[in-house]
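Below: a set of structures, written as structure tokens.
Below, subunit A partners subunit B and then partners subunit C, in two separate complexes.
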Partner chain A sequence: MDKKFYQPFCRSTKDIIKEMAGIEIEGMESMEEEEGEISSMGVSSIITFAGTRKGRLLVDMELGLALYLANTILGEAYTDAMDRMVLSTVSEINNIVSGNAITSLNNSYSMDLRLAPPVVFTGQDMVISIPKINSLSSQGYTEYGKISINVAWEGGNK
Partner chain B sequence: MDVKYILPFLESVKSVLEQFGLSDVKRGEISKRDIMHVKTDITAVIGIVGQIRGNIAYSMSKDTAQKIVSSMMMGMPVEELDQMGRSAIGEFANMVTGNASALLENSGLKVDITPPSIVFGQDVYFIISSVQTLSIDMETPLGKIEVNIGLEI
Partner chain C sequence: MSSISIEEIADLFANNLSKVLRTMAGFEVSSIQCGQQGMPEIEPSIMGAMILHGQKDAMISLAMEDNTAYMLIAYMTGILPEDLEEQDLYDGVGELVNIMTGEVKARLANTPYQFRLTSPFALGGDNLKVVFKKNLQGACRFLTAGELEIIFRISYI
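And then the complex of A and B:
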């Protein structure tokens, strides 16, 4: 599948995080083919969407970054990843990032995509696997921790 | 959450397992959750869009997952969940949710399902819905499958 269906997610992630928390993501310029499974860095969120095609965005970040985002956006001092507000912040960021990217894809290519609600999770040594779908990943860095996104489209390798 | 949205998912777990020759699937405990704390090894999550939106997460132990995969492959022994096994678990979630979406459509709700994602790891905290999540244990001959339903309705 054409890069143009992946790129809006990188742009959207950088823009939204900058807008909401005032931090710049370094990197996240290009996307690499992902082989097999993805090991979570700490806090992960998945949003799936369906329309003329089906796909998924995974946003994965280190705990430090998740806490910084929750603390900055909500103005409270959270220290625990299992805190509902920390998880909700990450899922809401994913919701806005995906919504933004999907709107631009729908407007440009009439894909009629609709988002399912975000799923967010945290735990030790998590591995995420998305069967039968090829995906592209992009890494970014902030002063509070790493972030990576992974975009998959069904039939994306055709 | 209206029971008419819940039953199709439970019915589908039952009827999909029946297709693999497994009867005697019973509904166990039901609980309401805010944050889902999964203590088993594997969770397959699948999204729903259309007239209702939400996520359904199926959690099970590695042992149960292997047995499901084995019964999907006509009883072929499954020692390890390799890529093929993982893909089969995704397919299981797809079949159950796809079946449920057909049942929902029969009652006049048009929905579409999204690709499944599978999360491995013990002791994982999930939020699959900002509204509420109902967690229903399905007791099967292969072990327990926890069906977590988070619909935004």
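And then the complex of A and C:
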């Protein structure tokens, strides 16, 4: 699948996080093929979308960044990144990032994509494995921690 | 078609998983609702999951400890547990979710409960936690066959 179906997720991640929390993400300019399993940096959220094609976005970030985003967006002072509200914030960011990206894809390519609600996962030394599906990843850096996104479309990257 | 509760849908999945495990691996599986007396505490370290798109979107998952996953995937593939690699476990558990879901999808086709599959995925690690919005409808089944212990969950998301 053409990279034009992946890039909107990079742009959307950078734009939404800047808009919501006022922080710049460095990097996330290109996407690389992901092979095998993905080691989580702390908190992961997955959202699936279906229309003329099916795909999903995985957003993964370090705990420090998750905490900063929740505290900034919600105006609170959470200290535990495992707090339900912190995890819900990550989930909501994924929802908004994906919504923005698929709106762009729907407008440009009439893909009729619809989002399912996101789900958040946490765990110690968590590994995420998505068999039988090729995906592209992109890494970004902020002063509060790293963030990465992984986008997959069924049918592959070609 | 009369309405089906989420508990009945959970039973459809659990019964189908039992059938799959009997056919593929020869296990005689029994299933109870989670939280019932006699259900042991288990700390899942591997989880296979899938998001289902339907009138109501849902997530289903199969969670188990490593030793259950090794045993299960060894029986399913015919590979000795000591020869299985971590990636085999993730692939196997994801595939089990796929197989279990495929037949339920066929049974619910052309009903208000029909759904579309997405790609299964697997999670590994300690203290795995899945967070949904509050007050979502869900159902859980605990399946056992000897030392094999699996937790099946479905949640509308």
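Note that the second predicted complex is superposed on the first by the 156 of 158 C-alpha atoms of A that agree within 3 Å, B and C clash if a C-alpha of one lies under 4 Å from a C-alpha of the other, contacts with A are read in each partner's own complex, and residues count from 1 in each chain.
In this section, a contact is a pair of C-beta atoms (placed from the backbone, for glycine too) under 8 Å apart; a residue touches a chain by one contact, two chains touch by 3 or more.
These numbers come from a predicted model, not from an experiment.
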Query: Between subunit B (first) and subunit C (second), which does A:Val119 come into contact with in this model arrangement: first, second, both, or neither?
result: both
- prompt: So, A:Glu33: does it touch subunit B (first), subunit C (second), both, or neither?
  reply: neither
Task: Have a look at where A:Ile128 lands relative to subunit B and subunit C in the superposition and call it first, second, both or neither.
output: both
Task: Applying the touch criterion given at the start, work out whether A:Asp2 contacts subunit B, subunit C, both or neither, answering first, second, both or neither.
output: neither
Task: For A:Arg84, select first, second, both or neither according to whether it touches subunit B, subunit C, the two together, or no partner.
output: both
- prompt: Which holds for A:Thr48: it touches subunit B only (first), subunit C only (second), both, or neither?
  reply: both
Task: State which residues of subunit A lie in both footprints, the one left by subunit B and the one left by subunit C.
output: 36, 40, 46, 48, 50, 54, 56, 82, 84, 87-88, 91, 114, 116-117, 119-133, 152, 154
Statement: Listed in rising order, subunit A residues that touch subunit B in their complex are 36, 40, 46-50, 54-56, 58, 81-82, 84, 87-88, 91, 114-117, 119-133, 152, 154
Subunit A partner contacts - residues on subunit C that touch it in the complex: 51, 53, 57, 59, 86-87, 90-91, 94-95, 116, 118-133, 157
- prompt: Within the complex, which stretch of subunit A touches subunit C?
  reply: 36-37, 40, 46, 48, 50, 54, 56, 82, 84, 87-88, 91, 114, 116-117, 119-133, 152, 154
Residues of subunit B touching subunit A in the complex: 34-35, 38, 45-50, 53-55, 57, 83, 86-87, 89-91, 112-130, 150, 152
